[in-house]
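Below are two complexes that have subunit A in common, paired first with subunit B and then with subunit C.
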Partner chain A sequence: MTKLNDILSPFTAWKHVVREPVTIKDPLNREAADRYRGFHKNDISECIGCGTCESICQNAAIDLVPVDGVETKDGDSGLRPRVDYGRCCWCGLCVDVCTTNSLSLSNEYTWVDEDPDNFRFVPGAENKSWDNREKGYKKPGNGYELYSPVRESMEELEPEQRDQSFIEIVQGYSKEQAEKEADRCVECGICVATCPAHMGIPEYIKAIRNDDLNEGLRVLYDTNPLPEICGRICTHKCETVCSVGHHGDPLSIRWLKRYIADQNPAEEYKKILNTETLQPTGKKVAIIGSGPSGLSAAHYLALMGYQCTIYEKLPAAGGMMRFGIPEYRLPYDQLDKDINYILSLGVEIKYNMTIGKDITLEELNKQYDAVFSGTGLHMGRSTRVPGTDHPEVYQAVDLLRDIVLGNEVPVKEKIVVIGGGNVAMDITRSLARLQKQKFGKVDMLTTSLESEDIMPADREEVIEAREENAVIDPGWGPVEIETEGDKVKGLHVVKCLSVFDENRRFAPKFDEEQKKFFPADMVVESIGQGMDLSYLSEEFKEQLKMDPRGRILVNDDFQTSVDWLFAGGDMIQGPDVIHGIANGHKAAMGIDKYLSDK
Partner chain B sequence: MQTIIENLQKHFQVVSYHQQRENLGFLIASKEVAVGLITHLRDYEGFAHLVLLTAVDWIEDEHFQLTYLLHHPEKKVDLGVRVMISRENAEMYSIHHLWEQARTYQRELREMFGINFPGSPDVDKPFILEGWEEIPPYRRDFDTKEYSEKTYFPRPGRETHDPAEYMKKKLYPNE
Partner chain C sequence: MSKKLLKWNEDRTLFPEKNSEGKIDVDYDSHKFMKIWHGPQHPGITGNMSLELTLLGDEVMDCETHVGYLHRGFEKLMERRKYIQCFPIVCRVAVPEPDFNEYCFASAMEELAGIEVPEAAEWLRTLVLEMSRLQSFLAWIGGQAGSLGQGIIGQWTIYLRDLILDRFEELTGGRIYHMYMLPGGVRGLLPDGFRERMTQNLDDIDKFMKDVKKVMFDNYVFKKRTVGMGVIDPAWINPFGITGPNARAAGVAKDVRKDNPYLKYPELDFEPVVGKDSDIYTRADVRRRDLLMTVDLIRQIMAKIPDKGDIRAKTPNVLHWKVPAGETYSRAECTRGEYGYYMVSDGTEYPRRINVRGPSYTHAVALLEKMIVNANIADVAGLMVSLHTYPPEIER
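Up next, the complex of A and B:
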């Protein structure tokens, strides 16, 4: 039965019509909370387009797209994130993981537009009303990082443990350390373009994370057949652009590479790398010089089935890696591990063979289908200031070579080195060890034209040299080496104000008023090396095209103007090991192309 | 707080206790004693209010962590009771008889983590995911990205670029 109330109650509800509403009249004008997560903001001058925001987005709401006015260059992909608000769930993970801290969320959450496509835009590149809003969600500070900004520290010998011997200083990562370090990688791949060999860096770091070191080794050998060596002494340009390095320490890419190579036993390389049997082509290639470029070319040519013979002037292989880099940075057994594997692929080395003396280039051309030359830069350059022709003035590369060959090396109590590059640090630290052994103390002074901030040597080399009690006093230009009869008295220098002009050309400026005298009874010059092309006959040199600076001209395949001769290594690019490896690889592919077309 | 814990330890096995701040602490109890312990906290210690019941998937350790957060209105302190239960056939005793609202939490955990609470009213009814056929979405082995790619088709006009590939194309295309 219907109750009276059931009939009346709809009418009593009408009384609410005249009541003050409890809701807010116009919510569209209400500002959100200070840390509300609204539309994105991106400082596109800080952003490097690493794409980590895209990778972490669980809704696939972010695309990386080219943006007008943003250039692709070392350390910056030139891409910027575009957000699709049809998918964004405003979780803020993209902000939390952003490596450059450029991405944030404003607290603006209302925006009315009739065209749905407008809700897909590149924050920072397309102006929005909330771009300058301070309020919103930013990456939380310390303790909330999604990856550690701090590098796993590396065990090294203490200065007093190492300053008398040539034992390797850097101890290498343990499994636990390597995996922890690898865990910091965001896999963006920004580093790949900067590496001269374009190594698959994110892939091999991933292999460490997955504890699949065989796979790691395969990734390394795709582009670099000298991983033990590069894992120790590479100039690691990759680390200078690492996205994680923008707010924290960059990944320790070089030590991770070393970890993979160290952990794989030499006797299993052929099995892991699937090189137990190679298909021979029947063609032969001669290689001059067993430095990084020659070994790299030999390795990749051998994989393609070419019979390679390396002609080496010295009694051991490795070039500058053996005769330039001291043992405390690169122990010989590790160098030999890489070289012996390449030899195991059927590459032969003829030692103590000087081209032009023991065999001529023309003879090589007759005996082989192609020739690769990577003879490097082994002739020390002189400052040519008065006194440099004195017998107690030496070239760093000559001394470094003599140390390795076991020849007697002159060591005086007070030595001055001129030069600010890695070779200068190598000779400084080597002589410091020999001084310590001979005299029980170190008295080394190294000076360079470049001031401390622009010294070309790796930073850690300078730091470690000082730890070993060498004095580094940069920013001085040599004027004269004072001599007296058969003795050297020291080096006169003046203050160097700048090294390069505005066009980045070498044009040092000095303040002649600011003078200094470094007393010494031995001076070593280490200001750079030149190439020695005396193995080429005069007739041959005339056929070979050179660039205006006297370098051999090569095409993209590292082929010279004489079609059967290819050239690489420090003569052409660098100078450093990784450029040599890269151009030796390219030359190997160039030779293959040349011989396949022939 | 310390006296409450000491008192509690006389009656129950408490695996560990951690004082996060003055008015907040967490203890770990075994699955078997947890409901008795929570009942004791409510009826004898004065933790009258269930603030929340939630879970964490510790997939590497193969268990779920349940957290019952209890509030003491007079002392103004909170105590979290953590219980580790196996991920496989995940099941926990219901506490809906202690607090009526626990049934809602348990229904949510059933849906989002796949943890069963036998006897809890309506525990098998869909909570917010109607017609869900995947593994429970808060389980860490649920691939959110794969699901969203499969479920929500991309809008036309979308394209993306891999930074490393793009840089190769721009900076060294012939190498």
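Up next, the complex of A and C:
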């Protein structure tokens, strides 16, 4: 039935005739909301070109391209994202996943241009009107993370459990922990470029995620034949540059490497790595020193079919890895696991053989097709302040070696260590353990020229040393070791204001007014090591080209100016294990090239 | 059709004869039938879809629906994308109401991965889904009125919809494609002053909707053209998979928010809106009341939503998120009915299969073909819009 209301009611619409219009007068200049996802901005100095924006973009709208004024360096690929607005859908995932938080979206959304190519641009490198806009979309806070910024914690012995013994402190990851930690990787590969050995870090981390540890081991051995060792004591430059570390904890790359090596049993290595049979070339190479570079060279040469013989001065293999690094950081059984695998490839070691004494370099040249020398830095340097010639003043490397060899080590109640590097921490913590065993208490003081923020030692080493009750008092320059007869009284120091000049050259400045005295019964110097080239005859030294600082010159293949002699490791580059491994690998390839051409 | 609007011409010589069963055989050679294409550019076709109509005079004798004009192969695309990379594309499956895709995709993933979404994120998701329903209803109501010749309603409701889009822009950073609910949570808390602006908008909508009722629903012409037209028989509801207001207008109280509560709906006070007559008018009225209920629900949500709190759960790294193997179906009540994502994971970084259940698929193809026969050509657009269909979700 028709109602009168149904006929009259629609006329209500007429009242809207006098209503104010609701349209926007100038839509082109309407400012978008504060969070609007408009055009891209990039803080080009913050950006490291890690490329996670590129990998998450489902439209393939982002490419990483070289940009003028941006150089490739450690921790920076030198590339910057270029956005293609023909493909972009402004989802903002690139902003969310940006490891440095350099990428953001402004709230600008109008851009008129005649040339379509202009819509493909590098934000930050090409000036745009919205570059300085504050408003726009940024990575949200409030627990919003696309990957975890927090490192999976590693189980360690408590300080009171560890300060009396040399038991390994770090316990290693469980499967669950390792997989969780591996999950944090964004696979940018920034670490690969920085690692001296260029290890396939994202690949072996991926192998952990896929629970394919055999594959992980194969990736490790591609570039590093000492994974158990590097998995424990590597200086992990990869972690320093890890892109995840820009806003969070860097990945525990070192512990993940250790996890792979720990989980693969030694007896299956040959099968996993497919090294059960090797094709011999019939050529022989002598290697001097069984440190990281010597072992690495021996490993890759053995894989290429060369018969390698290592000449080692000491009664055990490993060089500084065994005689410089305390057992609580690197247990001997793990060291042996890596070394024994290399020996199982047919590498021979002759122990207690000193070159120049038991056999000369020239004799080696006659017996072998090529020689590799990796004799390292085994001579402790002295501060040469008055009193250093006193018998109660020791060198850290000598003491560390004696601890390993089982020789008697002098331990006094009050010890001062001079030095701020990892070796200083090693000797501090080793002597602290011996003090605790002998006297039931620790009274160690370690001082260095460098202030706390620039101490070369790893941060965790300093923290752990303090946990073990050693006192670390950095920022002092030694002046004199006070002695009285056959006894040491202590160390006089003055405040060190700066260590380097503006050109990063070593030029310490002191404040003579600020003095301190550290009482001690014994002083240990640990300010660096030098090389011992006494095994080279004088005539031979004349043939070798040296740099002004007295280091042997080598080419890109680590070949010296004497064509059959190759050299690597700490005495060429370093000083750390991973440089030695990388040198050994490159030298092995250089030797192969040299012998193939011969 | 239960009722014919126009009277038959008494002179039957112009028309084909009925056969022995009282039906008319379609014979194109007789030149008494005409085939026309209704769409894909016809404004009464919501989105890119077309109807191939066979007409006898102005009466529809037969109808075949044609889809495929905007097939973009989303389901296949997703099999070649990592899970997080599916997130920016799912919203494109249903352009006018993208949030249900985001929600269903995210919740399916969360269910397979066993992830619990933080409280604040759950409230924000509920808010966004209701805002999405509101703007979709507002767009539809203009379409329904426009398809029957009332242009003014669309002018009002598109304005109202823009107010909601402004709120979307503030909250999510986007007006149409919000890309706000990603697996694990959402991308932002309420901005400052959002509540006040939203409350003002809701008041405006309430005010305008009173006029819409007077001008559109209490309208002799509208009633004349819609009452008794396009009746959906309640018996068709299960065989045709009819859900949402189309089912509720027939007296079947189907509402996923009540039948299978998700997010914060159990904490909200509402009853599904039900109609009786199941014609175009009832369906329109059910949607109008549903719209008002959504306004009320948003007010309830605004009163309860927290201002602080985590917005995203801790999830594996999205760059290589391996969702545990399994399958699940996640659903939600959108303006057209039940929206669902069926997800199969084989434990890799890529979905094995994702199937999108857009309610328009069941409403706009088989059901429309059945209902449209014997309708007047002038009513085709109104009838189609009354089913409230979005072709993009038919073609995933």
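Just so it is clear, the second predicted complex is superposed on the first by the 571 of 598 C-alpha atoms of A that agree within 3 Å, B and C clash if a C-alpha of one lies under 4 Å from a C-alpha of the other, contacts with A are read in each partner's own complex, and residues count from 1 in each chain.
As a convention for this text, a contact is a pair of C-beta atoms (placed from the backbone, for glycine too) under 8 Å apart; a residue touches a chain by one contact, two chains touch by 3 or more.
Note that this is a predicted model, so its numbers are computed, not measured.
A.B. asks: Identify the partner contact of A:P140: answer first if only subunit B is touched, second if only subunit C is, both if each is, neither if none is.
C.D. replies: In the superposed model, A:P140 contacts subunit C only, not subunit B.
A.B. asks: In the three-chain superposition, say which chain, subunit B or subunit C, touches more residues of subunit A.
C.D. replies: The partner with more contacted residues on subunit A is C.
A.B. asks: Figure out whether A:V18 sits in contact with subunit B (first) or subunit C (second), or with both, or with neither.
C.D. replies: neither
A.B. asks: Going by the contact rule set out at the top, does A:V112 touch subunit B (first), subunit C (second), both, or neither?
C.D. replies: neither
A.B. asks: Contacts for A:G189 in the overlay, against subunit B (first) and subunit C (second): which applies, first, second, both or neither?
C.D. replies: First partner only.
A.B. asks: Just to be sure I read the superposition right, which of the two partners does A:L79 touch: subunit B = first, subunit C = second, or both, or neither?
C.D. replies: In the superposition, A:L79 touches subunit B alone.
A.B. asks: Looking at the overlay, does A:G51 come into contact with subunit B only (first), subunit C only (second), both, or neither?
C.D. replies: After superposing on A, A:G51 lies in contact with subunit B but is clear of subunit C.
A.B. asks: Does the superposition put A:H198 against subunit B (first), subunit C (second), both, or neither?
C.D. replies: So A:H198 only meets subunit B here.
A.B. asks: Can you give me the overlap between the subunit B contact set and the subunit C contact set on subunit A?
C.D. replies: In subunit A, positions 58-59 sit in both the subunit B and subunit C interfaces.
A.B. asks: Which residues of subunit A touch subunit C in the complex?
C.D. replies: Result: residues 2, 5-7, 9-10, 12-13, 15-16, 22, 32-37, 52, 55-56, 58-59, 89-93, 96-97, 105, 137, 140, 142-148, 183-187, 206, 209 of subunit A touch subunit C.
A.B. asks: Per the contact definition, I'd like the list of subunit C residues that touch subunit A in the complex.
C.D. replies: Subunit C reaches subunit A through residues 81-82, 84-89, 118, 120, 152, 156, 159, 166, 169-174, 177, 179, 185, 187-189, 191, 211, 214-216, 218-221, 223, 308-320, 322.
A.B. asks: Given the complex with subunit A, which residues does subunit B contribute to the contact?
C.D. replies: Subunit B reaches subunit A through residues 144-145, 148-149, 152, 154-155, 157-164, 166-168, 170-172, 174-175.
A.B. asks: Which part of subunit A faces subunit B closely enough to touch in the complex?
C.D. replies: Against subunit B, the touching part of subunit A is residues 49-51, 54, 57-60, 62-66, 72-73, 77-79, 84, 86-87, 117, 120, 188-190, 192-193, 198, 202, 556, 586.
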